[in-house]
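So, here come the structures, one by one.
Heads up, the next two complexes both have chain A, just with different partners, chain B and then chain C.
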Partner chain A sequence: MLGFLSNIIYATVRMAVPLLFISMAELYSERAGMVNIGLEGLAVIGSLCGFLMSFITGSVWIGILCGALVGILINLIYAYATISLCANQIVYGMAINILAPAVASFVYRIYFGDGSSLNQISLMKTISIPGLKNIPLIGPLLFDQTPMVYLAIILVIFTAIFFNRSKAGLNYKAVGEHPKAAATLGIPVIGTKYLACIICGALSGIGGAYLTTCYSTTYTEGIVSGRGFIALAAVIFGRWSSGGILIACLFFGLCDAAQIRLQVSSLSIPYQFFQMIPYLATIIVLALVGSKQAGPKANGNPYRKEER
Partner chain B sequence: MEEILRMEHISKCFGSFYANKDINLSIAKGEVHTLLGENGAGKSTLMNILIGLYQPTEGKIFINGKEVKIDSPNQAVKLGIGMVHQHFMLVEAMTVFENIILGDRRSKGILIDKEARRKEIVELSERYGLDLELDKLITEISVGAQQRVEILKALYRGAEILILDEPSAALTDIEVEGLFAIMNKLISEGKSIIFISHKMREVLRISDRITILRAGEAVTTVQCSETDGQKLANLMIGRELTPSHYEKKSVDEAPIIELKHVDYNKSSKHNGLNDLSMCIRPGEIVGIAGVDGNGQTQLAQIVTGVIAPDKGEAVLHGKTVSVFDPNAFIENKFAHIPEDRNAQGLIGDMSIADNLVLKKSEQKPFSSGKGLKLNKKAIRSYADEMAAKYDIRCTSVAQEVRSLSGGNQQKVILSRELESEPDLLVAAHPTRGLDIGATWFVHEQMIAARDRGVGILLISADFDEVLEVSDRILVIFEGQIMGEYSGKNPPVEEISIAMTGK
Partner chain C sequence: MKKFLAMLLCGSMIFGLAACGGGAANTSDGGSDAAETAEAGEATHKVGFILNSSINDGGWGTACYTDLTAAVDADPDWELAYTDSLSQDGYYDAMVAYCNEGFDLIYAPGGEYTDAVMQVAEEYPDVKFALLNGGEDIPASAKNENVTCLLPDATQIGWIAGALAGLASETGTIAFIGGMELTTTLAKYEGYVEAAQYVAEKEGKTVSALDAVYANSFDDSSKGIEFANAMIEQNADVFFGDASAVDSGARQAIDEYNEKQGEIKVFDIAQPADFLGQNDCIIGSQVTDNSSLLSLVLKSVADGTFKAEVTYGDLENGVLSIGALSDSLSKDVQDKYLAYIEEMKNGTFMS
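== the complex of A and B ==
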């Protein structure tokens, strides 16, 4: 029983990490008033790029770095259209969701051809943290993971400090709440929004790249499987706070881990039913939490400089 | 008196229109200097120049005798100019404390130094008597407290000159007293205040000097102690009174619509009505005079059935209205020239012809089968006829209404509404933004309609217009009727004072 439990927890952490990166991407985006529903697309292109570059260079770290870069690049399309041209954010987010996976498949086929041979890379090694690792129960679960897990934890802590304690974070938040007021106080509204899109692109790309460098040894179409959308839900569930999002991601990670376990343990029920669990959980959570909107006030609205 | 700010020969053009023309303004250290003027007199433009939102077309600005160029709001802040906007610039989801330190550049550290900042703010707020709870969210504090946050925000950024744009507009009477106490404290500490207001009583109480703006020009600057409400009203309106061109009538027939003790959103001074009673009879024009935003919009909406009053009743042709529904009012032969022609009066992407038959599209000959099939030919020929009759200047009636000039758009609305042969016409700012020719045309049409027996409710912020065509004048202030005057030889001065609530 204890083995089963620790297995689940171990898997939960592993499943929560990509979600956490992608959700944090959305948090940084929405805090500057940029609703980006293109996370899924960004994560897909990140996962492809992460896999491809790891495959070519043999270094998963270069893979992850390239995943971040390509995420930024693609998201700049969204940024330019929505910030500089004041286009609708939802429409362009959707456009990214259509464009990016298509580009990813295209590039994959060009590089590997149509052949059915399985191309694999070796996954990122786990590193255990001495000392902390020896804490009973949670020690081996939390501190015997890949460095990406530690990075995710650092990101959560950093984000919490940034938005709650730092001046820059306060100014950043003002852009998403009341851009005009921010502008009258000399805060660069347009610059902050672009920065938000760069951070969002990078973190989504990393979240995607995690899937092909730390989780699965190969790239397959549909590897992101809706995590970009679950991340949107996680931001709402987490009430736009970094700690809240961590809890939300662990919850969705748990659902994911549980469904894999249940698939294996029960043979009489079709496995598709278990696969639904994370998505059903998303719907239920949104239905319960979504009614009390508490997001940034100017979220989704274009910012136009005042002119007569 | 030591001069802190001087604006010299400031002009600002938008196209060929002068919003400010050769304005001189001098502000002394430690004074409350009021800018007084009607809507569109150029007060906001002048202040937007001062805070760096607009660049003046001509003119110079001096601060402490040194010429300065204010090319951004940031620059204005550096020069010690702070503004409390009429619509507050506060982030509602943040606390008072966070709003004040937002965008702060004075400390170097990355993290917010809460203790030090707090101490500074508390010191500042105690010095000026700005009582605030720093840890409350903006949404949790009253409007008056929000205003204090704005003032404190400006002071925290080192403002020496504080611009207060209609600061008393949103406040209750008690809060206004508090505001005045703060203003007195500020000037006793050597700050200067530029106070913008319409309210004569307040202006006379708090000001040291008053500069009157009219049609973009500074008429004069007077010492508050040497003037009174009467003189100021004259200067503000300041025109030779030309007698109206139109013959004024008085009718005694049964009213078309009568409002009895109507309340709507009573607690709001600016978007509500308070125990308002009035009536409109056939064959008369009732003009509503008043500064914009004193309930005129709500009055027009109640009379056209768009909104229902909270209290009181409307009697339509002797019958009490039970359901307020625009369609029912239209069926009762009510016509409406709405205040925003683009948002409410016209469908910009549709043709002139289609806009002209909007209200009749279900009737013959414009369609058969109750609007099932439109008869394009009939619509077209009707539209051509209307274009000629109402002098709508266009290349074709198939042209999009959006592409017409404001005056011609208004003529489209006018012809649609008047051709529906109404009993009652509600005309809200019917000539706003129109040139003299188009204005004259609209007035002629209204008078002609009146003479046909149409009752007209004219709502206008243009006092001249109200005087010109009204048979009866009602003055509205903070949702209340301040007085009723005959349109024949109206007592202009008395009315203009009533408009300021005195």
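== the complex of A and C ==
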């Protein structure tokens, strides 16, 4: 039983980490009033770039860095269109979801050609803390992970402190709540929104790159598999707070890990029932948690400087 | 000025999308592009290939693409274009695009394309369609008599893998990962289990199979990783699958497990091409040579003798076979396995 529990927890963390990066990307974006539904596309291009650069250079760290950079680059299209041109954020987010996977597919085919061989890379190595990693249940969970998992945890803690305990974080949040009031206080609204898009692009790209540098040795076009959309739900479920998002991501990861293990457990229940679990849980949780508006007040609204 | 910039940005994105969308449909490596071919006056027929996984998935997609490429390369009258990584809602549109571009034949490698193929076949009576693993009644039910089915014996495919699983399993638990619950996938699973149990019984041991699991996807390799990990926890030590890139993920997890154990204790049987050497865990492969079936279809379309019929493939006519066996299998196991394959060929297996 302990083995089953520890395995399911371990799988939960594995599945939650990429989701956590992508959800945190959306948090930074929405806290500045930028609803970005293009996370799926950004993660796809990040996963391709992470894989490709790791494949070329042999360094997963270069892969992750390039995943972040290409995420920023693609998200700057969204940023320019929605911030400078005041275009609709949903429409451009969707455009990114169509454009980025197409570009990823195109680049992959350009580089690897029509060859049908399976291209694989070596994954990032885990860092084990001797002794501590042998503690039952929490040992492998906390002390035998890749550096990216530790980075994700640090990101959650940093974000919580930044938004709640720092002046810069409060200024940042003010842009998402009431940009005009923020502007009267001298906060650079446009600059903050661009910064939000840069952070969003970088974290989404890292989330995608995590999949191909720490999780799977190959790149497949379905590797992101809807995580960009689940991340949107995780931000709402997490009530736009980093701690809440961490819980939401672990919850979604747990649902997915549980449905896989329940399918394998041969309980003589049709497998479709287990496959429903993550979706069913999402609907129920959002119905319960999402009843009250808690997001940034100016979320999704274009900011026009001269407008009264 | 802003309006102009917005229009410019939209235009560039649409232009980019069009270019990238075009990138998804490609002419094959083996043939030159359409313009060059036309100039040379060589290829006079075109076959379009659609796929819901990638041609680089290291499994089903790779094998199907390689088979078709081999058939096309052997016939200078034909050129090939493909569209891969399609979602279900894209099957119809991709085929219609090929039909509108004057393609003579469309090849869809799987039963999951049946509905879309039947719809397009009805709308484009002059285009021929080849459906791999379609139902036996499909050609007769096509109104324009323009659909042919290539039907490798799914039960025999399962037997080929199952016999090896029965011999190789030490824990007595074997596993199967499917992409979707297709008729052919079910037949493969059933054949795999019955052959494994039959062979194990003959060897004086007992083998049981975990329930078949389905990833609900053919291209999410992370699902394969998680399924394999969960099944190894349930003591499974031989895997077989029918899920394209998901199988690649499963093999990754098996290799990682074996690496931790310091020896190869969990095995995988690949299909539908010989993938020995791709991963350390692969001990053998079930091979389906669709290229010979496809060559017949290409020839019949070119010379006007195409018929709406079912073409079967099995061990007897050579469409099904086994790939190379891993050195990690003892000579004794290899010999026994080859003997079981001979029994399958001459019809005495499990009879």
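Please note the rule applied: the second predicted complex is superposed on the first by the 285 of 308 C-alpha atoms of A that agree within 3 Å, B and C clash if a C-alpha of one lies under 4 Å from a C-alpha of the other, contacts with A are read in each partner's own complex, and residues count from 1 in each chain.
Everything that follows uses one rule, which is that a contact is a pair of C-beta atoms (placed from the backbone, for glycine too) under 8 Å apart; a residue touches a chain by one contact, two chains touch by 3 or more.
All figures in this text were calculated on a predicted structure; none of them were measured in a lab.
Aligning the two structures on chain A places chain B and chain C side by side, free of any clash.
Touch criterion met: A:G3 reaches chain C, while chain B stays clear of it. The angle formed at chain A by the C-alpha centres of chain B and chain C is 130 degrees to the nearest 10. In the superposition on chain A, contact of A:A81 is made with chain C only, not with chain B.
When both complexes are overlaid on chain A, the residue A:Q275 reaches chain C alone and has no touch with chain B. Contacts of A:H178 after superposition: chain B is touched, whereas chain C is not reached.
Judged by the number of chain A residues each one touches, C leads among chain B and chain C.
The minimum CA-CA separation between chain B and chain C in the overlaid arrangement is 18 Å, rounded to the whole angstrom. According to the touch criterion, chain A has no shared surface contacted by chain B in one complex and chain C in the other. If you check the complex, the residues on chain A that touch chain C are 3-4, 7, 11, 14-15, 77, 80-81, 84-87, 95, 98-99, 102-103, 105-106, 108-110, 112-120, 211, 215-218, 220-223, 225, 256-257, 260-261, 263-266, 268, 271, 275. Interface residues of chain B, counted against chain A in their complex, comprise 14, 53-54, 72-74, 77, 85, 89-94, 98, 101-105, 107, 109-112.
By the touch criterion given at the top, residues 161, 165-168, 170-171, 173-174, 177-178, 180-187, 296-297, 306, 308 of chain A touch chain B in their complex. Residue ranges of chain C in contact with chain A, taken from their complex: 2, 5-6, 9, 13, 16-17, 19-21, 23-24, 26, 28-29, 53-58, 61-62, 65-66, 69, 85, 181, 210-214, 216-223, 225-227, 229-231, 233-234, 245, 248-249, 252, 278.
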